[in-house]
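What follows is a pair of complexes built around chain A, which joins chain B in one and chain C in the other.
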Partner chain A sequence: MAEASSWKKKLKNNATGYLFLLPTILVLGTFLFLPVFYSLYLSGHKVNLLGDVSYKWIGVNNFTRMAGDERAWIALKNTASFALFVVPLQTAFAIMLAVILNAKLRFKNFFRIVFFMPTVTSSAVLSLIFMWIYNSNGLLNRVLEFVGLHGYNWLGDPAVAMKAIMLMNIWSTAPFFMVVFLAALQDIPDALYESAMLDGAGAWRRFISITLPLIKPATFFTVVMGIIGTFQLFDQSYIFSAGSGGPNNSTLTVALLIYQYAFKNLDFGYASALAVMLAAVIMIVTLIQRKLFAEEKLN
Partner chain B sequence: MRKKSGVLVLSFMLAVVLILSACGKNENNAGTGSTETNNGTKQEATKEPAAEQVTVTLAGWGASPEEQDLLNQTLKEFETKYPNVKVNYEVIADQYMDVIKTRLIGGEGPDVFYLDAFEAPGLIERNVLEPLDSYVTPEFDVADFEQPMVDAFKQEGVSYGFPKDFSTLAMFYNKKDFAEAGITAPPTTWDELEEAAVKLTKKEGDKTVRYGFGVAPELARQMFMIQAFGGKVSDDEGNAAFASPDALKGLQLVTDMHNVDKASGEPKEVGAGWGGEMFGQGKASIVFEGNWAIPFLEQNYKDLDYGTAELPTVNGKKGTMAFTVAYVMNKESKKKEAAWQLISFLTGKEGMKTWTSKGFALPTRKSVAQELGYDKDELRSAIVAGASYATPWQAGSTLPTIMSNFNNQFVDTFMGNSKLEDAMKKAETVANKEIAAAK
Partner chain C sequence: MVFQQSKWGKAILYFLLFAYGCVTVAPFLWALSSSFKPLSEIVSGGINFIPKEFTLQNYYDIFVKEPLFLRWMYNSALIAVVATVCNTLFNSMAGYALARIDFAGNKIMFILILAVQMIPGQLTIVPAYLIMKQLDLLNTYAALTLPMMANATFIFMMRQFFLSFPKELEEAAEMDGLNRFGVFFRIALPLAVPALAAQTIFVFMGAWNEFLKPLMFMSDKSMFTLTLGLNTFKGQYISHWNYIMAASMVFTLPALLIYAFFNRFFIKGITFTGGK
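After this line comes the complex of A and B, so read on.
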């Protein structure tokens, strides 16, 4: 009897719970899970949506097509090198900013606001502002010339176009991760530093042996989110290259390529296959990271 | 830790979803709003069969406020002439074709919309445009149009759109710069252009502050150079063919002037957005631009003293590009009669006269051109003259793929990073691979 009533209670509780979740489930289902499964479905088809709608099952053809698609490889290479360059730097930069802000500075709140500003600004707006800075007659070239270096055609020259986007991305994303690190830093008890100081550890030693190990969870989070974010780079290279990924495919990213195939060529099947591939790559990279971080924890 | 990141990811997703659903809602609201103002309720209220109110949606890309006013004026004239048809004019601000295609897929396409000749074969092939031949009446007078501009919207003899206006490229030259350099007449051959460009290029230290010739290294502007020596952009099967020796000869002239003579530059190199701006800012003495540059220069660089001339001959032959845009009808439209009334008015003699009266656009009807006298206009005569020998900016439904690959590589070789032949071969191979894969 008692068992049955508790079972009933449990059911009731669960029902209430799910009822509360219902709006979220519906919204997520419609806008997240449905599109995900639909694109999985599309990735195995040759799709024509404009005009005479047709879906033709072609198995893994969309995936084998990638092997011969030069631009897909270039996009993947660009995206990977972008992540490889941006993630370590943005993490290091974020730690640096956080450590500065964690020190007992005057006008600390003012600096916090200033540092955080790039993150709350729309990245489309930032891209446009940076296009002015990167303009051949823009601020950056003027500064370079002032110190006696020669300027670049930042947006038109394939050799530097992606670097320009990298710099901007680091600058605009680091402050978000800075906040994460700042929270982690404030969790470290002062007593640890005090005792280290009594042991005669210098500032650098304290940073290496206390700060870094204790903010490791935050570092893991930052690196994972950073990798995911950089692998999905779209808006900045889209705006910089007006959607073309040029010059000479130097700013072509996987997400931009997906967009081009889907909306320029209306090849939704292949575009979905590329999206599935990108998701798989991100997942694998994240798993590898987890493995690496977890192993270190044992030591 | 894992929990924390999970919560963060979830809340982030939630935020995205909320934003998305908000957007969706807005669109829905706008959608139901406009259908309400459509014939729905009104039609039933006023039961006079003759005065049945119909609302036609017309979509186009944005233009300058003056041009917008002129179009609105033309539309007003239409509404006075056809009091039972109301026009709901929508401006698509950015990525026009992406938006149009997506809306056509969703069944929310406008009844009548602008279509660039360059995109026409692709849409015609997809079978989403209404063939217009059955609507044409003798009074509409198709023979009055410039033939190449009508042909741009034809496939297998069927017309899918009628051109609203056009422009060719003409040579804009800065008279003051020419006088300073001692050049008395605008160049008439490519050799003369090269010579003039070298003279006109101005340097301060090792930095070029003014290029003799401002050039846009993209296929839309260089297609006639490919054809100058008998080359082709694509073959009959729709495969890219722009790396043939004949095609390279013409393109070589363009890249040599930049890399050997150092006398030409692209707008980005001097921090300008496009040729007209580069020319207006005095950072290029010669540019090849179209009619659109004239109102732009008039408005932004009033004191600029410039002239126009036909493009210099290449290989002894005249050549230029022609760009044209048509009004086309959505095959799924439910108000085809009214939609045709709108198209026939806007591309008819009356509507076109109003639309082209201020010179923002050039008429595609010979009778209107004559009446408005653009063939004798000081600045526009060179642009009008080009119409008879121009290459229309169009090359089958594979052109978007061909174009993106060409542009990608051509910029690279233009900047001197690769050899022209290698770059074009590479672009051609990649384009053809992509075309084959998409089949």
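After this line comes the complex of A and C, so read on.
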């Protein structure tokens, strides 16, 4: 009797458990899990979209093709330099803002709300606003002239077009990570700072030897999320260059290149191979980061 | 506190706070001010934030020149609302099952949910398009809502939330004869409102601001969302920055207002998801 009822209960639990999970399994299964394997499959094929979708196995051709694809290398270089420039700066700005907001100041809640505004605004709108500011006749150049510097053709000059997107990106993402650091800072007990002060440590010294080590998990999170985010840069490049990655390929990112190959050239196989490479790069960078941080914790 | 509360120290901090506040607000104010200026003033390239000649004509014009504007707004709102309602419900159900129901494969499902979080978005866009094409869902609302109906990060968050939740309440309710669904909908869900609120805002904003998915899935202009419509609009009125800024403001102000009202949930939501 007891055995039968426990068996029945188990069955009931299994049924209820999977019923609760059913929508999730369907959605994530179809639109996240399946696509991963589908992209691996696509990356080894030539895809024909006319009429019914059909595939032709071409082995590693899509991958070997990348070596000779000049635009792929440009896109990778642009994306990597974007990440190298943006991630450290957005992290530094986020820490700086969080430290300031964590001090006992008046109106800090007000400023926190203000600082966070770019984060809730869509990248499409922000891109348009900044295109207007970066216009050669626009606000930024006028302000630069006003303080005696010369302006640039921010959107049309290949030498600075990507810099313009970088500046905007740091401006719009730093406040998000600021909140992560704020939470981490609030967990640091005041007593630590007080005893350091008694030992005569100055503000900079306290920041270096107390704050930075204790917010390391938040820093790790920010750097990893920052790398993932910057490697996937799409919206801003697309809108700034009207989809071309110009001027002269200077704002071409890997994500934009994938989009162009898939939806302009209808070369879905090659686009998938590029996406697989991008995903591999992101994962390797994340793993290296994780390893570095984990090792430091042991020492 | 890193800083001592000396007079000078404080003055510097207030200065930095104010300076960065200006850096943040200036682009928004500039866009707002441009949206109230006539084209002649825009072209002259002055840097006055207060329009010399204040006009509401731009706002009127954009709706006349682009009759689809209201339609795009409706599309965006509909997609965001459907995605948000389904997303919060399904995430909570999944999180609850993972935290509370002892079914075979619970651990494996949890590991899969964690693994799914690591999949970079770029890897899924090309196959997602082909899947939509083969399901014949391109240019439908389903194409944008279906993929956004569950989210691994928030499932994880809900699981952690329900784990930290006192079991006694649910056990008492079960004694009173409620089944699992009754317990979930009448006891657990109502008590999860703070976690749901954070999620609601993030999912809504994410759907409302999405650019790449509508760009891929929607080619029929009447099915555009506001982000996509805005980009097309910019293409048509390329140097009419007064129109483009007015359209941007119409699109942004509702989101900023929602944010101003619910900002404390945002902060909570990030600390939920961020590194904890």
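To be clear about the criterion, the second predicted complex is superposed on the first by the 279 of 299 C-alpha atoms of A that agree within 3 Å, B and C clash if a C-alpha of one lies under 4 Å from a C-alpha of the other, contacts with A are read in each partner's own complex, and residues count from 1 in each chain.
One rule holds in what follows: a contact is a pair of C-beta atoms (placed from the backbone, for glycine too) under 8 Å apart; a residue touches a chain by one contact, two chains touch by 3 or more.
Remember, it's a predicted structure, so these values are computed and weren't measured experimentally.
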Touched partner set for A:235, first chain B, second chain C, both or neither: second
Contacts of A:73 with chain B and chain C, given as first, second, both or neither: neither
Touching partner for A:260 - first (chain B), second (chain C), both, neither: first
Partner chain(s) touched by A:153 [first = chain B, second = chain C, both, neither]: first
Residue contacts on chain A - larger count, chain B or chain C: C
First (chain B), second (chain C), both or neither touched by A:7: neither
Which of chain B and chain C A:135 touches, first, second, both or neither: both
Which of chain B and chain C A:248 touches, first, second, both or neither: first
Which superposed partner A:57 touches (first chain B, second chain C, both, neither): neither
Chain B and chain C contact sites that coincide on chain A, given as residue numbers: 24, 27-28, 31-32, 49, 135, 137-138, 217, 220-221, 263
Interface residues, chain C side, partner chain A - complex: 1-5, 9-10, 13-14, 16-17, 20-21, 23-25, 27-28, 30-31, 34, 43, 45, 47, 86, 90-91, 93-94, 96-98, 101-106, 109, 112-113, 116, 118-131, 133-134, 146-147, 149-150, 152, 155, 180-181, 184, 205, 208-209, 211-212, 215-216, 227-228, 230-231, 234-235, 241, 244-245, 248, 251-252, 255-256, 259-260, 263, 266-267, 270-271, 274-276
Complex contacts: residues of chain B adjacent to chain A: 1, 4-5, 8, 13-14, 17-18, 20-21, 95, 98, 101-102, 104-105, 126-128, 266, 268-271, 400-401, 404, 407-409, 411-412, 415, 417-418, 430, 433-434, 437-438
Contact set on chain A toward chain C in their complex: 10, 13-14, 16-18, 20-21, 23-24, 27-28, 30-36, 38-39, 42, 47, 49, 53, 96-97, 99-105, 107-108, 111-118, 120-126, 128-130, 132-133, 135, 137-139, 142-143, 146, 171, 175-176, 179-180, 182-184, 190, 193, 197, 203, 206-207, 210-211, 217-218, 220-221, 228, 231-232, 234-235, 238-239, 242, 254-255, 258-259, 262-263, 268, 271-272, 275-276, 278-279, 282-283, 286
Residue ranges of chain A touching chain B (in the complex, touch as defined): 24, 27-28, 31-32, 48-52, 65, 68-71, 135-138, 153, 155-159, 217, 220-221, 224-225, 243-249, 260, 263-267, 270
